[in-house]
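Below is one structure. I have some questions about it.
A, B, C, D, E, F, G, H, I, J, K and L label the chains in the order they appear, each numbered from 1.
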Amino acid sequence: MQDHVYKLIELTGTSTASFEDAIEKAIKCARNTIKNLCWFQVVETRGNINKRKVDHWQVTITIGFTVEG
Amino acid sequence: MQDHVYKLIELTGTSTASFEDAIEKAIKCARNTIKNLCWFQVVETRGNINKRKVDHWQVTITIGFTVEG
Amino acid sequence: MQDHVYKLIELTGTSTASFEDAIEKAIKCARNTIKNLCWFQVVETRGNINKRKVDHWQVTITIGFTVEG
Amino acid sequence: MQDHVYKLIELTGTSTASFEDAIEKAIKCARNTIKNLCWFQVVETRGNINKRKVDHWQVTITIGFTVEG
Amino acid sequence: MQDHVYKLIELTGTSTASFEDAIEKAIKCARNTIKNLCWFQVVETRGNINKRKVDHWQVTITIGFTVEG
Amino acid sequence: MQDHVYKLIELTGTSTASFEDAIEKAIKCARNTIKNLCWFQVVETRGNINKRKVDHWQVTITIGFTVEG
Amino acid sequence: MQDHVYKLIELTGTSTASFEDAIEKAIKCARNTIKNLCWFQVVETRGNINKRKVDHWQVTITIGFTVEG
Amino acid sequence: MQDHVYKLIELTGTSTASFEDAIEKAIKCARNTIKNLCWFQVVETRGNINKRKVDHWQVTITIGFTVEG
Amino acid sequence: MQDHVYKLIELTGTSTASFEDAIEKAIKCARNTIKNLCWFQVVETRGNINKRKVDHWQVTITIGFTVEG
Amino acid sequence: MQDHVYKLIELTGTSTASFEDAIEKAIKCARNTIKNLCWFQVVETRGNINKRKVDHWQVTITIGFTVEG
Amino acid sequence: MQDHVYKLIELTGTSTASFEDAIEKAIKCARNTIKNLCWFQVVETRGNINKRKVDHWQVTITIGFTVEG
Amino acid sequence: MQDHVYKLIELTGTSTASFEDAIEKAIKCARNTIKNLCWFQVVETRGNINKRKVDHWQVTITIGFTVEG
């Protein structure tokens, strides 16, 4: 393993289905512009309520990816 | 958008099925007495174990709703 | 000073003017139903942005008031 | 064990005697209006000083109790 | 209820399926050597990404169990 | 409401006038390059002192904005 | 003083009497199997309520002890 | 820039006007006895309520200043 | 109530008897040199263990007192 | 000193040598694309272990730099 | 990569030389009884002072290692 | 061991060499006016960057020392 430098960005994914799906949506969005995604960490878990039911699950994650120094 | 004031209450929902279901149970309970639920935020995620398996998933959430000033 | 018990409730005030005004709005709302408000503490400070400018300042506070045991 | 929903409220008890007594005072106050108190958790421990001695011990606790959905 | 003493250990479960499954895997591992598991609490939620998709969900939990004094 | 993904960036605004003005300066800077700013959250509040008076109020905020997946 | 390595374990002691007694019970339990206990630190303070009174005081502590490398 | 050592002290300023004014009052008090004040950081923001209105805004800050080694 | 400025200092009191006594020892020490002590807040609760028993209870507190501007 | 706006980014540097070297590697990487780096703050300190020895020291830092509004 | 379960233990290493050396001492101690050490994370950094100089650097770390389910 | 009271002060040491050296500088500064320094704890680790390189390592520590009651 070489000496790497990683950059971390923060994204909030939303989904009508589940927390896991909200995370997958955020990662899918990130991989359109960034190669070499390595890991994520959950920062905050929320949701909004509409007509008295959960409307969207919202998960804020930090994603780490390698950058070339 | 007018100037609103929101009240926040804390509830713990429990479920034998999943974290999402525990949250839905807490919100269902809140909406019986409170109108205008707006959002929730996860505060703590726990569970109890019985006969060496997860018995109940427990999620403590803060729920925000509009109050009339 | 007697032995008192205090209850704490959490409110989010919003204002187009400033953080102080958002707090005053939350306290004004609380005093309509609760006597004996004693102190508040700022929990979170946020705002929403509309048309690229700050639209509403939002301050979540805890308010403490005496209850009669 | 059924699926329960619990509500959490925050109280500050004060006592001239000790931290344990301040907690008991807060619980005694809660049980006058709420059935089914289940547990508490200490949030903050403070005190005020008068004439250079501890005058009141103050403990802020969260109390959880079952609600009927 | 007698006076009990509980020990808490920290485990990270991983799963290709979901957060709940990662927790169940950690508990299954714990129960092979420890009797009397009582509860768990989620400490951290992460995941690793491989070929631009979530590869493993990772949940770090604290598990509490009774010890005989 | 569709499924959105939001990106969060962190900025520190400074102002000789007030905390609110420091936040507005940070947002003004962000909106030059980013469309669809949605909300901000205060992370840290500081200031520097020069000639024994407050010289600059400094507020670090997180700004959220929609990204197109 | 030599170079030492310490291990830290986490225990929850419970007592019908007081917080101090709950801590002593946890330490008594630890010393049955571990020599060279050095210090403890309080992590969390809780209690359960039964028949509307405090039934058990519960204190979670970290205990440090020397290990031989 | 030489190697400096800074000392940090904690003060709570109060004001009937605003948060900024409460901070200025604390700094004014500090500069009567301390030279070379450099920066401050907000630690806690509170207020007390009297006759159902905000009576005093209270801000606890850490102030850093250079000491001569 | 006038505009006051308060200073906060941090002390660790120790006692062979109890947590409350450790706090009283720290306050007794502070009042020898400082007038106008107003309140304290518990920061950390620890203890050291000697011969397999609690030897000293240690409580770190912040004490606030009025200063004359 | 003018009114500036700073942007903060998060990087993880890794090194086989030391924590300081891991930080220098992250800064070296940042300065290839960003002018006007001003300060950093350590967020997290970790490492991975290979063949029972520390293989890489890993430090996550926030770096602040001036942006032109 | 299979589904793994990791256990985390907490150790405090001490050294007269440096923080890095204190960590290496803790890991050396762990590897005498545990195979498959994977990573560590720094939890707390302290030191004790003797004769007005730093006597020992003390670093508390969490070490993760694979367990066989 | 007698009942002692300890005072804690906060200092930021800076050094062009390393984190350990920044801590030693802060302690050297403290020992010029204070006897009986006992321990320190790291609170924050930062640095400033000049000409695209680390210029000064900055470590904020809490130092504890015995006071005579």
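Keep this in mind: a contact is a pair of C-beta atoms (placed from the backbone, for glycine too) under 8 Å apart; a residue touches a chain by one contact, two chains touch by 3 or more.
This is a predicted model, so every value here is computed, not measured.
S.K.: For chain I and chain L, which third chains touch each of them?
M.R.: H
S.K.: Could you pull out the chain whose C-alpha mean position is farthest off from that of chain A?
M.R.: I
S.K.: Express in whole angstrom the distance between the two chain centres, defined as the mean CA positions of chain A and chain H.
M.R.: 38
S.K.: How many angstrom lie between the CA centroids of chain D and chain I, rounded to a whole number?
M.R.: The separation of the two C-alpha centroids amounts to 23 Å.
S.K.: Any idea how many Å lie between the Cα centroids of chain B and chain D?
M.R.: Chain centroid spacing, chain B to chain D, equals 22 Å.
S.K.: List, in ascending order, every residue of chain E touching at least 2 other chains.
M.R.: Touching at least two other chains: 9, 19.
S.K.: With touch defined as at the top, which chains are paired up in contact here?
M.R.: Contact pairs between chains: A-B, A-E, A-F, A-J, B-C, B-D, B-E, C-D, C-F, C-H, D-G, D-I, E-G, E-K, F-H, F-J, G-I, G-K, H-I, H-L, I-L, J-K, J-L, K-L.
S.K.: Can you name the residues of chain C that touch chain F in the complex?
M.R.: 18-19, 44-49, 52-54, 57
S.K.: In their complex, what parts of chain K are in touch with chain G?
M.R.: My answer: residues 9-16, 25-26, 28-29, 32, 48, 50, 55-56, 60.
S.K.: Can you list the residues on chain C that touch chain H in the complex?
M.R.: Per the touch definition, chain C meets chain H at residues 19-20, 23-24, 27, 31, 37-42, 63.
S.K.: Within the complex, which stretch of chain D touches chain B?
M.R.: 1, 3-9, 62, 64, 67, 69
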